[in-house]
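Below: a set of structures, written as structure tokens.
One chain, subunit A, links the two complexes that follow: it is found with subunit B in the first and with subunit C in the second.
Moving on, here comes the complex of A and B:
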């Protein structure tokens, strides 16, 4: 989950998020390369003692600074497309869960075996227990089995919302009348937080998402308990 | 009597002369920044993830978290 003075991404909990983190490192390295070059050129231009400033013939440097950016863009595009296609792979999900956005809460439906539906409202700050996080906790968490691919179908019952869990690298728009699919695989157990990511009204900041990734046995016991 | 003659100063190619040094410096600086980031941040991050998952036990981690009361419905 996020922490104060954080600069980078949250720790990755899914293989896709790991790949996205490495890709970000690769792209940021290129950004630093270009920025340091440009900064050095600016410093040279500001400190030169040369005084001739008219237009000069510069065919060679024009060629270089046309070809080199094209090469850099290809070096960024290839890993980007690799991850994009990796995210769309179909992995035979074990479970399908629907996440429906409402103003201003999420509802989850597990309809593969039995009909289990529940709402997930934010816990108001004055009702938090010691150790809980403000604006992030919910009354009913989305409990899922870890280390298994799960299909999330995301939609909305009213306006646009977006279902996000940063540590899993997931973000999908919840659009009324449309189902968006995301595949979720967690490599670790734990509790993972996210927040609605599409402006949806006055309580847009107050409809968080909380995932509990657990063992399959715990998940089965939890779903039996929720249905009874 | 002839006055002493100064050496002719360089009148052309001043920028090109400087650029020989500046271009090499620019390459070293920019590639150095990129290399420092790669070996200072990117590679250690990959190694950290590899080392973490090499000896990681998800079920054991879950049991510890469950005992600590992390999950909503406590110990099932």
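Moving on, here comes the complex of A and C:
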């Protein structure tokens, strides 16, 4: 859940998001180092009285400022690729859940059990209870068990949408006629919010995603309640 | 933490979801769904032709039911009934 004027990421709830947060910090440190160096050099050049406009054949400095940026780029690319492939990994999912995008709501299908499907519409602002968040609450939350790998399959019934939960490090396009797979794992219980992240029409901003991660016991209670 | 997970009592209706399929290792799982739908119908057709029990085909049905969106399955079933399904069954 983000808070007003937040600058960084939301708290990580999945191992993938933790990795992404570390990677973000790592890359930002490199950016800061380069920016400070460039700023320092600019100030130095603007304030000095010395000028030297006829440097030629400076092989040493040419070599350094070619090799060093290449090394820095590799130091960014390798951890990035590592996380990219970690996100693609799916090992023995416990459950498969399908999220289908519609104009303008999400619907969820649990078909490992009996056919359990429901639509998830945003709660209009005038219907909110005290303590609920405007434009983020839905009438039917997606309830899932925590600490278990879950296979999310994301698709769309009409136009492009994108199913996103920032604190879990999840974002996948919902494309009509295509099934996209993502692994969802949460390390703790809680309610996590997300929004459609692909412009999909006039109510694009009003189709939030609410994920309720709970213990397996309560999840089973919920799913048997939803089926009856 | 691994021990804690197994200490849960077995639920009445344990979900069993299709495992990882090395034929479809990518993010795009469209083919995984479609191939299992085809396999199910090919399997039942062959079994019926041989006059055998079709219960071995239930695995494919479970997989495509878990992976395919309900609207896709519904559309394909309608196409099969109308004889307009493009796949080879």
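In this text, the second predicted complex is superposed on the first by the 221 of 228 C-alpha atoms of A that agree within 3 Å, B and C clash if a C-alpha of one lies under 4 Å from a C-alpha of the other, contacts with A are read in each partner's own complex, and residues count from 1 in each chain.
Throughout what follows, a residue touches a chain if its C-beta (ideal position, glycine included) is under 8 Å from a C-beta of that chain, and two chains touch if they have at least 3 such contacts.
Keep in mind that this is a model prediction, so the values were computed, not measured.
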item	value
Touching partner for A:147 - first (subunit B), second (subunit C), both, neither	both
First, second, both or neither for A:225, with subunit B first and subunit C second	first
Contacts of A:177 with subunit B and subunit C, given as first, second, both or neither	second
First, second, both or neither for A:93, with subunit B first and subunit C second	second
Partner chain(s) touched by A:12 [first = subunit B, second = subunit C, both, neither]	first
Which superposed partner A:22 touches (first subunit B, second subunit C, both, neither)	first
Subunit C-contacting residues of subunit A that also contact subunit B	147, 217
Residue ranges of subunit A touching subunit B (in the complex, touch as defined)	12, 18, 21-22, 25-26, 28-30, 32-34, 36-37, 40-41, 44, 48, 50, 52, 56, 140-141, 143, 146-147, 187-191, 212, 214-215, 217-218, 221-222, 225
Residues of subunit A touching subunit C in the complex	88, 90-96, 98, 100, 109, 111-113, 115, 117, 147-148, 151, 153, 155, 157, 172, 177-182, 216-217, 220, 224
Subunit B residues touching subunit A - in the complex, by the definition given at the top	14-15, 18, 22, 25-26, 29-31, 33-34, 37-38, 41-42, 45-46, 49, 53, 56, 58-59, 61-62, 65-66, 70-73, 76
Partner subunit A, residues of subunit C touching it in the complex	1, 5, 8, 11-13, 15-20, 25-30, 32-33, 65-71
